[in-house]
Amino acid sequence: MSVFILLNCKTYDEGTGANAVKLAQACRDVAENSGTNIAIAPQIPDIFRVASAVDIPVYSQHIDGAGPGSHTGKVYVRSVAQAGAAGSLINHSERRMTLADIEAAAAALKANGMTSVICTNNIAATAAAAALAPDFVAIEPPELIGSGIPVSKADPGIVTGSVDAVKKINPNVKVLCGAGISKGEDLKAALDLGAEGVLLASGIVKAKDPKEALYDLVSLI
Amino acid sequence: MSVFILLNCKTYDEGTGANAVKLAQACRDVAENSGTNIAIAPQIPDIFRVASAVDIPVYSQHIDGAGPGSHTGKVYVRSVAQAGAAGSLINHSERRMTLADIEAAAAALKANGMTSVICTNNIAATAAAAALAPDFVAIEPPELIGSGIPVSKADPGIVTGSVDAVKKINPNVKVLCGAGISKGEDLKAALDLGAEGVLLASGIVKAKDPKEALYDLVSLI
Amino acid sequence: MSVFILLNCKTYDEGTGANAVKLAQACRDVAENSGTNIAIAPQIPDIFRVASAVDIPVYSQHIDGAGPGSHTGKVYVRSVAQAGAAGSLINHSERRMTLADIEAAAAALKANGMTSVICTNNIAATAAAAALAPDFVAIEPPELIGSGIPVSKADPGIVTGSVDAVKKINPNVKVLCGAGISKGEDLKAALDLGAEGVLLASGIVKAKDPKEALYDLVSLI
Amino acid sequence: MSVFILLNCKTYDEGTGANAVKLAQACRDVAENSGTNIAIAPQIPDIFRVASAVDIPVYSQHIDGAGPGSHTGKVYVRSVAQAGAAGSLINHSERRMTLADIEAAAAALKANGMTSVICTNNIAATAAAAALAPDFVAIEPPELIGSGIPVSKADPGIVTGSVDAVKKINPNVKVLCGAGISKGEDLKAALDLGAEGVLLASGIVKAKDPKEALYDLVSLI
């Protein structure tokens, strides 16, 4: 099974609009040359143009559980699907959702053949997310996000504890970890702890040379 | 001064993805043939493809007040701008925002040269919105949204009261009205009450023939 | 093990202030005379006076996950504990919470020796809630709340399915069911489906004679 | 017209439960001895016991706009009124509300003869709040809250600008200022800038001797 790397552009200017397309092209080049599985999550208005420009999987940063209807401003699963998204983050720590909406969003992605990644903040919440049977849960201690301190070093127990908790609830759910990850050694450490991939953001998006940073990231796998 | 008509696609399947482009083309044709000012607010993932396909103004259904940075899943003003949006709805009744976020979103649109439309639910809230100096406030009594009963008939006093309240606070702010509007007579009644345009949704988006419905809408102005 | 009955006063005027105390006294009388376990969840400002007036367990309708500190307006676990609450509802369908806050609130109740009741809307969300190891999960299909149609009749499968899902995840978690329950036969049907108690509201709070309605409720157990 | 001082207990343990009663007694003693107008906003579960213990005005830290009905966990105006509250904060920066809810909460307070204090974060939002005709607006730059740096020193222009903006919109609305205020000189500076009172929190609640701190606070007026 291949390691999964998901690059979150957040609302960084370096990952907005035409810059998102450039980042996606860097991801594609590194994925092709290294034989790794890299996906990108641009901002929602950028999904269409990014998905039109590259062949790697494009994810939404968020979807709402709302279906078709009178839901102005909500992020509707079929809209992101038709824009070219292959999956979506759900419940990122910067875009928390109610449990009912997380469940509805995960179910909507599954019904549309898309990949779901539910973000969580601790082991107990990770177990709860796993009970919803998403494709992935992504454990990210909020205090480490954007810190530059990799979760795999700062709190390895939260990764192994999440892996254990998830496997007990539903062994089909895969675990990603995030927060502070940007280098090859961080990714390797995450995999050694039982994660099957990582969530990244500022370490790559705001790097002087994102492509070089991505090559470093995949250098040890 | 020209009447402003803004068509909100909400998350109706009839206004999603390729259907949003078709609706936008109908709006463009009617606008061109009738010499009216029609804009469309597709879902956020559809802004880029709609704005690439038509020359009429494209609006976002929502933006967040968040700036650049660690704001996963938020709708960042520069992202919608670069996708081609000319403005945005703010605080639609189906996507209510805090006062602080409404203010930040209106300021962000102004700073980016975009048009702001703050939606409100009653006369007092309309006065408050006008104090933020947006381009437009749009009064929509929530109980009439999607009802098929035009606000201009059901509650004309809320339109005239909103116009009066806004003019006292800031005479540069224009008033739209919405909720239940779909026909030429509804638009004419709204203008007679002092509104300078209307917000529309299901009456057009879910019409058997949206273009015909739009021609009817503009037939009396 | 004894059946658990929890009466939610919501914001009904019939359950506000002095009326909440009267309802609590009715609950106490019926509990004592019937040997049943009845608790009451008044509004948060009413917890202190209700807990001062009766000996039955008093629950909060909500707590936030927030700890001590700069959290104006949040419902802090130690404040409701010191006011006399023995437990709290969490994530009621009328007061949905993020997954992170549900987890924090359940943990805060446990750390303070209080009873947690996480409300959920379907079987998948119930399984997720059970993974947080609360004392109770309470399944309430939102469309039946306040309907007068008991969930035990309208959708018995959601009760049995919730019981099964919870027992797989954590057999120590007990299942309540709610929505539309007010009569003795509704409670009996809920128990027959595997629930260990019920959540009630309007059927008792707005009854002409709440005490009589409570006697009917417990008449078949 | 007398200066208005409102002490917000937030969720500090030093202001919870029995500690809230002690703080309220200190406020009462200082108010009586100095002839000043001091009110206290304990946590919502503490309103009843604080209002039962002292004669100074007791405020809620928050109310929701919700009326009577199916609104579990919401803070209903009549419940806080019957618990003894004389008014409420609305939209504190730690408990932001939608514009529609702010308007509904302010109207609910007015309809119940209670005093409304809408908190705001900048001059534009203050103007918007004033358009809702509350009794007070309280300007608190979020970045200064809990900083120990008084707004009257760090950003005097936001106070004078708020006073000017409010007087243009509705001269009956009074302006409070908050954030970082704890000493007599801070209060005097606020009044010199045109404020008619202050919002306080940690500087008093977490002081070694809150009563002494309050005496210092009122020493220059």
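A, B, C and D are the chain letters, set down in written order, and residue numbers restart from 1 in every chain.
By definition in this document, a residue touches a chain if its C-beta (ideal position, glycine included) is under 8 Å from a C-beta of that chain, and two chains touch if they have at least 3 such contacts.
All values reported here derive from a predicted model rather than from experimental measurement.
Contacts with chain A and chain C are shared by no chain at all.
Averaging Cα coordinates per chain places chain B and chain C 42 Å apart. Inter-chain spacing, taken between the CA centroids of chain A and chain B, is 33 Å. The centroid of the Cα atoms in chain B and the matching centroid in chain D are 36 Å apart.
Multi-chain contact residues, meaning those touching two or more other chains, occur in chain B at positions 93.
Counting only pairs that meet the touch rule, the chains in contact are A-B, A-C, B-D, C-D.
Here chain A touches chain C in the complex through residues 91, 93, 96-103, 107, 120-122, 124-125, 127-133, 169, going by the rule given at the top.
Every residue of chain C that touches chain D in the complex is listed here, in rising order: 8, 10-13, 16-18, 43-49, 60-62, 66-76, 78-80, 82-83, 85, 89, 92-95, 145-146, 201-202.
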